[in-house]
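Below are two complexes that have chain A in common, paired first with chain B and then with chain C.
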Partner chain A sequence: MDETIQPVLEASGGPPVLVLDGELDLARAPSLQRAIDQLRADGHSTIVVDLLGVNFLDSTALGVLVAALARCREAGGDLHLIVAEPRILKVLEITGLAGTFPLHPTRTGTLFLAGEANGQ
Partner chain B sequence: MGRIPSVMGKTLSVYPSTTREFKADVSDVVAARRFAIEAVGSWNLGTDDVALVVSELAANAVVHARTPFVLALSLLDDQVVLIEVTDHDHHMPLPAQPSVWATNGRGLMIVDKLAAAWGARATIDGDKILWAEVRVPQIADDQTPQLSRHT
Partner chain C sequence: MSAQEHQSFDPVRGERIELSFPATVDLVVVARFTAATMAARAGFGIDDLEDLRLAVDELCISLGPLTGDRTLRLVFERSDDAVDIVASFVTPPEATTIDSLPDHAIWQQGRELSARLLDSLVDEHGGEIRDGQRCTWLRKQRSGTRS
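Right after this comes the complex of A and B.
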């Protein structure tokens, strides 16, 4: 896959946001992996993944997010998901991960992270 | 859609089914999902759970079996779709009980949660069939024209 997922860097100094849309599945998992790897390489330990526009999430893409969450926490940060779509919440719930990720219903719910990202 | 009585006094199934072959390629997992969404949608049934189960079973064929696969969809009654994915690897999938931090192994966990029943069986030809029965909601068919008004 040639897709490049470019992070949105918040002017407020908050953590970078990966805004995703459409179907997030095993075909796009490598692109997601590359985007997260790049942010980690750039020194970001806290990342926000905006899934508001995502209407499908499979186990492979979910595995990438879980691995990213583990690496962010190891580095003292976190990986926040912005989710409102019931289909995506359902996948998180049936896999027992709804309580593992910090979840936010809107992007504004992560604004408090601005200071946290600067403080590392 | 539905059943019609036969002269023998038994019900005769007239539920639809469809089958298609796919290659051992990630892009064909996507194609299989789209095929399933189109087919099940045309039966006026909800496609969300079917799309996810088809994706996970097809991914198993492409990622683990690494062979081409056949997807068969059959409506068993008004609201139960039987999904069968046949690949050419006789090895059975391992039961998935991934830990919270596992990065894979959640595919069959998702199938287990969404399907009313599922399983795997070997065929006499050395193939394997992963199957799942998924109960789906009926969707009102707003596209059906009101023929009685067009006289």
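Right after this comes the complex of A and C.
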């Protein structure tokens, strides 16, 4: 699948948001990787990934998010996840990552918190 | 359980579906769809069904990179209270190494996560070499029927 995931750039100057939906699997993981790489290349060290519309997350897509989290933190930023779907939360808990990512149940307030925490 | 033990499947009491398709990432959705169907027919609840759908995805991933240059074979067997799935490559890859794949890093960085997911989602899983080809397998029982 040759998909392009376009970030939503906040007019307020807050961190960019990647809004994802559907099934995030091995077929879509490379697109997610490219979108995150592009944001980092554009100078963003803090990224928000909105998973509210995602109903399936496998180890490859999760691995992309874990690697991105590490790179964001190396650059002094962070990678925030917006997630409410129980299935996705279960995947994070099973893999021991629920306490690793900054998790937010809604987008409201997340952008402020993410930007505030990283001086943006 | 091993892949060989699946040979004792009872066709009178259960169902068996075999799928063979090009081993590409785009087609793993077929495996998920079939797993969900088998789980529903085995009377799995929605949580078990979703677990099996993710587990078969991880089973395919754990087999090796899906490079499109070989055939992926999946055997689904449903018994009274469980679903067994065996995944294997039918044909060897043609001059493809993991390091040469464009997205090999993505596949590699998810491997440990994949093992953790399988440990949690299914009752048993494993991998072995059969007829010179690696195969991976899993077994998931319906909740409330585990001994």
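Going forward, the second predicted complex is superposed on the first by the 112 of 120 C-alpha atoms of A that agree within 3 Å, B and C clash if a C-alpha of one lies under 4 Å from a C-alpha of the other, contacts with A are read in each partner's own complex, and residues count from 1 in each chain.
In this text, a contact is a pair of C-beta atoms (placed from the backbone, for glycine too) under 8 Å apart; a residue touches a chain by one contact, two chains touch by 3 or more.
These numbers were taken from a predicted model, which means no experiment stands behind them.
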| item | value |
| --- | --- |
| Side-by-side fit of chain B and chain C on chain A, or clash | clash |
| Contacts of A:R87 with chain B and chain C, given as first, second, both or neither | both |
| Partner chain(s) touched by A:E23 [first = chain B, second = chain C, both, neither] | both |
| Partner chain(s) touched by A:T95 [first = chain B, second = chain C, both, neither] | both |
| Chain B versus chain C as contact partner of A:V8, first or second or both or neither | neither |
| First, second, both or neither for A:G63, with chain B first and chain C second | both |
| Which superposed partner A:Q33 touches (first chain B, second chain C, both, neither) | second |
| Footprint overlap on chain A, where chain B in one structure and chain C in the other make contact | 23, 25-27, 56, 58-60, 62-64, 66-67, 87, 91, 94-96 |
| In the complex with chain A, residue positions of chain C that touch it | 25-26, 28-29, 32, 50, 53-54, 57-58, 61, 66, 102-103, 106-107, 109-111, 113-114, 116-117, 120-121 |
| Complex contacts: residues of chain B adjacent to chain A | 26-27, 29-30, 33, 48, 51-52, 55-56, 59, 63, 100-107, 109-110, 113-114 |
| Residue ranges of chain A in contact with chain B within the complex | 23, 25-27, 56, 58-60, 62-64, 66-67, 70, 87, 91, 94-97, 100 |
| Sites on chain A touched by chain C in the complex | 1, 23, 25-27, 29-30, 33, 56, 58-64, 66-67, 87, 91, 94-96 |
